[in-house]
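Here the chain labels run A, B, C, D, E and F in written order, and each chain numbers its own residues starting at 1.
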Amino acid sequence: MRALIIGRFQPFHNGHAFLVKKFKENELIFAIGSAYESYTFENPFTAGERYEMIYEAMLEMQIKKFFIVPVPDINRYGVYAKHVEDLVPSFDFVISNNKLIKELFIREGYEVRETELFNRKECQGKVIRRKIANNEPWEHLVPSRVANFIKKIGGEERIRKLSNFF
Amino acid sequence: MRALIIGRFQPFHNGHAFLVKKFKENELIFAIGSAYESYTFENPFTAGERYEMIYEAMLEMQIKKFFIVPVPDINRYGVYAKHVEDLVPSFDFVISNNKLIKELFIREGYEVRETELFNRKECQGKVIRRKIANNEPWEHLVPSRVANFIKKIGGEERIRKLSNFF
Amino acid sequence: MRALIIGRFQPFHNGHAFLVKKFKENELIFAIGSAYESYTFENPFTAGERYEMIYEAMLEMQIKKFFIVPVPDINRYGVYAKHVEDLVPSFDFVISNNKLIKELFIREGYEVRETELFNRKECQGKVIRRKIANNEPWEHLVPSRVANFIKKIGGEERIRKLSNFF
Amino acid sequence: MRALIIGRFQPFHNGHAFLVKKFKENELIFAIGSAYESYTFENPFTAGERYEMIYEAMLEMQIKKFFIVPVPDINRYGVYAKHVEDLVPSFDFVISNNKLIKELFIREGYEVRETELFNRKECQGKVIRRKIANNEPWEHLVPSRVANFIKKIGGEERIRKLSNFF
Amino acid sequence: MRALIIGRFQPFHNGHAFLVKKFKENELIFAIGSAYESYTFENPFTAGERYEMIYEAMLEMQIKKFFIVPVPDINRYGVYAKHVEDLVPSFDFVISNNKLIKELFIREGYEVRETELFNRKECQGKVIRRKIANNEPWEHLVPSRVANFIKKIGGEERIRKLSNFF
Amino acid sequence: MRALIIGRFQPFHNGHAFLVKKFKENELIFAIGSAYESYTFENPFTAGERYEMIYEAMLEMQIKKFFIVPVPDINRYGVYAKHVEDLVPSFDFVISNNKLIKELFIREGYEVRETELFNRKECQGKVIRRKIANNEPWEHLVPSRVANFIKKIGGEERIRKLSNFF
């Protein structure tokens, strides 16, 4: 069975990794939402960079079969689920705790499964970006290969700069 | 070294497979062009379906590391190379015989490598679509897992219908 | 004489109905603004659903001749009036108290008539949506056929859900 | 039961009128396709003008309940049916002989009914536009109120001009 | 009095120069149409490059006061004139022999003046591009500073390449 | 050497004029950002009006060679620098204190020069718009020809109206 996970992955963190382990019996499709957004504090990384982060995480977790698909926003919730469906490999159910995502995919006839969350206090994109901006330790909240990738592309410095001008 | 291949993959065929073998020392990124196009004779398959075809071909060819990225058209050649760069993992060179693609990426400072072509007479998307439309044998022109996938999703019938109304 | 009324109609309420009665000598064109928006607390209903609401209200009010036209946003006020003009039947004047709408249509040479408002404290889309979200009585603020339609399509539950995640 | 008819209505003609009569037991929704197109020989009339034409025809045919909805193109067949669904009142089946429209709505789970055609040789938009361009009689091919409307807005002269520069 | 000239200026040629001389009593606004198009045989130069060509031509012709404005296509003739009006300085009349441009601006209430043409056989963008592609002399058909600019940016070679793959 | 200045110029003010003087050895390109925005308090003037303001200022400052280019937003920072580059004449460096603009152009390989600012307390678009809205003196903060232009087009009244409904 294939499962769709929609996120912005800014960055991919241990909350996502927890989810991957929990659904390891399934083939996972990662839909990278807001794919055209980048260079803002909310969305610092390009879709291409987020693609690599997820890929690195899968290597680290030794996941063999998975799909990564950048999905641009279309700003029309009424057709959003169809828009995603058009761009990604076919899937059997959706994994999401986001009430809007849930509503939109249920309306299209999909099953949506909620999950418990892992260390929700810290494992959130905005918390991690804030820690990076404040020079606090953040590396323990993401897979190590993701941390390395972020450092390699100068992601810390980028986030610090972006945190000042938005 | 990572190499970018841009195509529409309507469908993925043995010409593409030949290329993959030729560059098997490289990590390949497949950019699926015209990702929003589907259900026309020129572009019968959705981006999601084309993603699966390429994935199936990589399985068959036992390629372990590769990246697949749907890329919507933006209809502005002046910024197209940047648009692709924004959506895909970083790459070192481009593989293309298309003179426009070549021009656009060289202009951005990329190396573009041309390649010899494999059975160009038959291994072209439009030739294969035409064969399918005409009920001629076509399966030998694509990897078997791709042929199976196309049959499974009713692709032959779809192409036959589409060939009549465009 | 034909009059244009621009609104988002989320939902059509008695304030709108009051206006319709006041201008009952005129043929009315209802332009449904932000037609591509839906499934947000601000814009819970699709353009198609809003179309039906207005239609139901007209039935209830026994209005015979009227026009309903969904109008997508274009996010360019400098050409907005022209954009509307392009999509709707020709009209003689605009009914609006919105200062921006007024400015934009006067600039295009149209007469814009302001009107007194009916029970402005309650008869506003956002007040009604808030009441629905809070499980307070709201049905008396819209024509009964509109209330029935909203219930039939599960609109109350949808608004309640949407009020939680925006 | 409600039926959806998708057309460009450039102009509304007796072929459309025939269809309306044939399905007179149903409430009809007219989706005006390519709503943003106008002032070309292929699409001479604005969406607003086409809206009025259909309205005039309904008056002439004494149809009481019907819906008219301009629908902009989105150039993505993979989500087109959903896009239409989002903008129009809910419907039970689609009336169409267009193979692509048929394919797209069947895929979304809708029933699509084909119909015999009325005087297909002459009752086609492009044939009528060509007649107008050539100063041949055309008025007998459309409802009289439609012919009057076209004349009133200078439609004949517009089509003649447009036929020269495309 | 200010006059608007809409063209694609691919490239600016002596036909344009002739027009400039003829209307030298007027302040001219050059609207560069299809501003987002480039790197095709039909539109080889970017808007920025076309801006410079016009600027160079004005220097050569010693015109002191003029305005150059890139105008992206919007693919909606019904609002096109307004779109242009929104982007350019205010103007009093339009200079055009193009019947569609004429129709669209007259409809907005503008005066449109037609002009005789200069050496129409050769002074057309496509004729000049074709000459460049065929290695025939073309420099005499454009102002010398425009010819120099085209050579400096490698425009001849670009056009030759583009002529082969479209 | 040519320098690019990106601003919204709502309106052009003495802070911009200060910059122009400081870089008077250079040819300046003014990129009018958010070119499609107008008739909001944040962006009251159309791109065409802003074009004229800059032009008037250049006349007053007796600058002979300069370029003005309206640039629509594309809402993709990842390709924004390329988008600007595509629309404006070629340039050698960028003048900007905006950290995001700086980041985006440095990433494309451009030099970005910061500058001291002139009377930053008052010489800001929003401060000037606020003064106009409040009927406070503002004319001394912009070149006189710009003040005259704003008055001539009714800009003060427009800003006052817009300040009330946003």
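Here is the rule we go by: contacts are C-beta pairs under 8 Å (C-beta built on N, C-alpha and C of every residue); 3 or more make two chains touch, one makes a residue touch a chain.
Source: prediction; values computed, not measured.
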{"item": "Path length in steps (a step moves to a chain that is touched) from subunit B to subunit E", "value": "1"}
{"item": "Smallest count of steps, each to a touching chain, taking subunit A to subunit F", "value": "1"}
{"item": "Inter-centroid spacing, subunit E versus subunit D (mean Cα positions, whole Å)", "value": "37"}
{"item": "Length of the line joining the C-alpha centres of subunit C and subunit E, rounded to whole Å", "value": "44"}
{"item": "Length of the line joining the C-alpha centres of subunit E and subunit F, rounded to whole Å", "value": "26"}
{"item": "Per-residue multi-chain contacts in subunit A, two or more chains", "value": "36, 38, 46, 76, 78, 86"}
{"item": "Pairs of chains found to touch, sorted by chain label", "value": "A-B, A-C, A-D, A-F, B-D, B-E, B-F, C-D, C-E, C-F, D-E, E-F"}
{"item": "Contacting residues of subunit C [partner subunit A, same complex]", "value": "36-40, 46, 158, 161-162, 164-166"}
{"item": "Touch list for subunit B against partner subunit E, complex", "value": "75-78, 98-100, 103-104"}
{"item": "Contact set on subunit F toward subunit B in their complex", "value": "76, 78-79, 82-83, 86"}
{"item": "Subunit A-touching residues of subunit B, taken from the complex the two chains share", "value": "35-36, 38, 46-49, 51-52, 55, 67-70, 72, 85-90"}
